Amino acid sequence: MRCEAVAFVFLFAPVAALAQWNVPPESARCPSKWGAGDERGSGNHMKNPQNVLRGARLIKAGEVIELSHVLGPGMAIQSTRVYNMHPKRTSPVPGRNNRGSNEEIMTGEFGQIGTQFDGFAHQSYGDFHYNCFKTSEIATRNGFTKLGVQNAPAFFTRGVLIDVSGSKGVEMLGDSYEITVADLEQALARQGGMKIQPGDAVIIHTGWGKLWGVGTAAAEWLAKQDPMLVGSDNAPVEVSPNPDKDLNLPGHQIFLVVNGLHILENLKLDELVAKKAYEFAFTMQPLKLYGATGSTVAPAAIR
Amino acid sequence: MRCEAVAFVFLFAPVAALAQWNVPPESARCPSKWGAGDERGSGNHMKNPQNVLRGARLIKAGEVIELSHVLGPGMAIQSTRVYNMHPKRTSPVPGRNNRGSNEEIMTGEFGQIGTQFDGFAHQSYGDFHYNCFKTSEIATRNGFTKLGVQNAPAFFTRGVLIDVSGSKGVEMLGDSYEITVADLEQALARQGGMKIQPGDAVIIHTGWGKLWGVGTAAAEWLAKQDPMLVGSDNAPVEVSPNPDKDLNLPGHQIFLVVNGLHILENLKLDELVAKKAYEFAFTMQPLKLYGATGSTVAPAAIR
Amino acid sequence: MRCEAVAFVFLFAPVAALAQWNVPPESARCPSKWGAGDERGSGNHMKNPQNVLRGARLIKAGEVIELSHVLGPGMAIQSTRVYNMHPKRTSPVPGRNNRGSNEEIMTGEFGQIGTQFDGFAHQSYGDFHYNCFKTSEIATRNGFTKLGVQNAPAFFTRGVLIDVSGSKGVEMLGDSYEITVADLEQALARQGGMKIQPGDAVIIHTGWGKLWGVGTAAAEWLAKQDPMLVGSDNAPVEVSPNPDKDLNLPGHQIFLVVNGLHILENLKLDELVAKKAYEFAFTMQPLKLYGATGSTVAPAAIR
Amino acid sequence: MRCEAVAFVFLFAPVAALAQWNVPPESARCPSKWGAGDERGSGNHMKNPQNVLRGARLIKAGEVIELSHVLGPGMAIQSTRVYNMHPKRTSPVPGRNNRGSNEEIMTGEFGQIGTQFDGFAHQSYGDFHYNCFKTSEIATRNGFTKLGVQNAPAFFTRGVLIDVSGSKGVEMLGDSYEITVADLEQALARQGGMKIQPGDAVIIHTGWGKLWGVGTAAAEWLAKQDPMLVGSDNAPVEVSPNPDKDLNLPGHQIFLVVNGLHILENLKLDELVAKKAYEFAFTMQPLKLYGATGSTVAPAAIR
């Protein structure tokens, strides 16, 4: 499908426009490779036991490296989203054991704050989501009747860190940068000639948070590797604003809408990078929030 | 410490009262075995790589069994807690890629709804939490300054299912039942003579949800096995109301306050039990909610 | 403008379709009679001191009759809306005066729950709100930049109760009923030949809650009287579902979108009706919620 | 009761300590002057029709002056409280009338944010609220079973503005100031020798927001005037921090706990003061929030 799109541009547009990305036509998007009606996209890789075993085999030292930020004072938050926690004492409770009890009411966009996992209800191309489910048909006042994040599996697979920042040396570059396919390949080569395998959790270290991110070509290249998910240490994973001024977060569409590929944002990667832990078992279980667009998560790398 | 309590009861009470449980004195509770000032309790077991490796070695088939309930319509909820999800469309977004976007604001006690993990700020004996941190000193309007659930590690260890329900045959018993030490030992024996090892995640299948649960003696026996956590398919893990009418959820204090042992409630165990998966790698990462009393979680068993 | 619409129907439709209502064209809706750019609609009546004085003159006995329902256990709520209250103790506070303090976090659609006042951001005809403000231009993730309910004035004017239920005798009618212009006129006649004056707060007693309500003709007749607002003891004020199966709450458009006339829902009218208090000073002050679509209110009648 | 307290201090304390305030003993607080079990306190004044009529007689020009701040961007907020508004589109709605609909979910301490009215559940002396209702007996996880703000009446009475700021000339004083009885009397004298009458709504203009406020003596003097409520343009009404370092907001106890006198905070008084509107009909209806400690309000002055 992407070949067709490129061909089209080639015939009718000047050379400079070759890089211009457009949403592929419906015939190229639907049904998805996982079949008509599928709601799990890249999560289907979890049905392959070899992915689990490939992850488990990487656990040799018994070390766990946590990959999520703390939700609380000082946390980064996007757009108009909020995270509020209001502690409540629910005691005293009668009884000679004098039990004290506390809980807290929280408000927030728990699919889209903190270290966050994106499901397929999150993004669309007009009315069309992944596998051509229509917003107008699946969105209700109580959540999405299809594509809700409760469909996402518990993830356990091989994780691969691509340290683009380390590969390029962040101190040498301008503070805004669109990561290219060559950047990804160069970083993998520098990490001992690593290869991405289908079903991997691919984690990209940009190093400069929101100022860097993958471009559309790198996003399409990543999707072609057929991974389980693509994560990053910044919020949109992709470069933003996009260099093409008439595109708004096209990577979200390339990943979620066109390819049914989950993304994972705002990872905390400092420890993983410092330890040069390029390969590991990746474990993460999104909350089963019925009909929701995503889930705040706390993934971990194990090796 | 518990010996003292028993001795006291022995002198002044009839035999039947020997089982009467009281909160051990401060000298018997603090400092905890993990040291004065420790905030992680049984989570410290994760610092032992052998626990991680023991879990990883159990992954042979590449099968993942999910252990959490969906949060949404029809979910069970305790007390006055709530779970509300309010979807919001945040599109249309300008740009020729016509990106649609959705998110949702949620409100709820996200530490204490759904399949839920309890931290040490959740419960106290009067003003005293685990390791004698005082509510009056650590509770603020923004959350707990000590013992917040962000201290809990990412869990990955051997999981052990104790199928009490299967062991006893639920159809033969009354509908309220206090699980005893003998019940636990009998179930383990029936499962091939399994042993709980320090650092294990112990998961108890009661089968009848809220009507069953461990008694104080079984709770103390479990704590003595030094596990990583104790989970169950009901909300309080322990029997409730307690047969001793003057005690209110003493198991919460035995686990969280006295022994610094995490608990895990409302597990979905049907698949695990049906498959007789008594031993597995247990994986779970509580959300890093600063200063909170617990976290909604989505743990999984891998084998 | 409505004449044109009627004429159109007259020419091309059979007699039975004369009652068929359609949204008037833009030229008939905009600018509103209050001028282009106006955001206050019928609230502009409050700029006329005579309306205030006409209300004040009705205060003779010094009696206040409250017109709002309690928000709490057992309250009626529409759609998927929620009202949750979570009390918090914020004490103890240091000091010899041993001050205890409590507050509560609340969640809810506070413009659209309980006894509720509707502003002009609440409803539209496609993309068009009152005075042709466009949703696509004024709706943001933080609220509406135009037509927010903070524009609504504090109301104090003559209130008129139209007791349709009392006029017709509810026990004689079927349980679904579309209130007609004749019903309104008959009820006013029965109340001593009362007249609605421009700037009045018109309160309709249906008696049977959600099962009754004004039809489109009665809604247009009411709008023609040029009142300050139209209120009722049910949620949509208008009959719902509409007898014309292809219309969904057209009264909301007649009042809010076409005529810029505020509506007031879920009034508690039992005391007012029992006392036959047909005329009174009406007082209500919507909360000044910036950019919101409405406000929960607690209006009162004074006489 | 206050005489006793003063006498006690007179006998046993040096002159400088005469001003030292302490919470009066239970015998001096309970039952309240409105009778044992009363939950309405100063709201009982609304049962006297003369209060309503005295207010109505002040309406001569038909002018309404609004007294509340907008809740939204830039609003002042106390402590850890929040105000969040999340707009939701609930359309498109089926039907040829193409109805668009919007609402918003809000979260906040709606009794204690914005221009706010305090009920008697808000404050206590230890376990004791107004009329010696005990927190431990009336506070539940769903709200207060007694003293909830739904007990407060719709207010309509004579309002009196005391312009302390105007009387003293704010530019001549330091930026922290405890308002004295003499200040209040001087301001009233300057306003034509006005007198506070029982049942009045007394509104104090401090002019400098949070930096000024009434001291304990002025608070007790105000309570002695037997008004319907005491309001101010700052959040605590009273001076804060209190000059007596061992007292924390004692005025809240003098008003709410000891005297059962409602208070009203964060009033917007600029227009009232600029127009020298010292006397007016005061109208306000707290939301009927069952079991809550207060209500966000939008009072108005009419004259």
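So that you can tell them apart, the chains are marked A, B, C and D in the order they are listed, and the count of residues begins at 1 in each.
Rule of thumb we're sticking to: a residue touches a chain if its C-beta (ideal position, glycine included) is under 8 Å from a C-beta of that chain, and two chains touch if they have at least 3 such contacts.
Computed from a prediction, not measured in an experiment: that's the story for all the values here.
In the contact between subunit B and subunit D, the residue numbers used by both copies make up over half of all numbers at that interface. Here B-C and C-D are compared, and the pair linked by more C-beta contacts is C-D.
Of all chains, the one whose CA centroid is most distant from that of subunit D is A.
Note: centroid distance subunit C to subunit D, computed from Cα atoms, is 30 Å.
The centroid of the Cα atoms in subunit B and the matching centroid in subunit D are 46 Å apart. Separating the CA-averaged centres of subunit B and subunit C is a span of 50 Å. Of all residues in subunit A, those that touch two or more other chains are 79-80, 82, 86-90, 105, 107, 141-142.
Per the touch definition, subunit B reaches subunit C in the complex via residues 80, 82, 84, 86, 88, 90, 92, 107, 136, 141. Residues of subunit D that touch subunit B in their complex: 79-80, 86-89, 105, 107, 141-142. On the side of subunit B, the complex with subunit A involves touching residues 21-23, 46, 48-53, 56, 59, 61-64, 66, 68-73, 79, 81-82, 85-87, 89-91, 93-112, 114, 121-127, 135, 139-144, 150, 153-154, 156, 246-250, 252-253, 281, 283-294, 296-300, 302.
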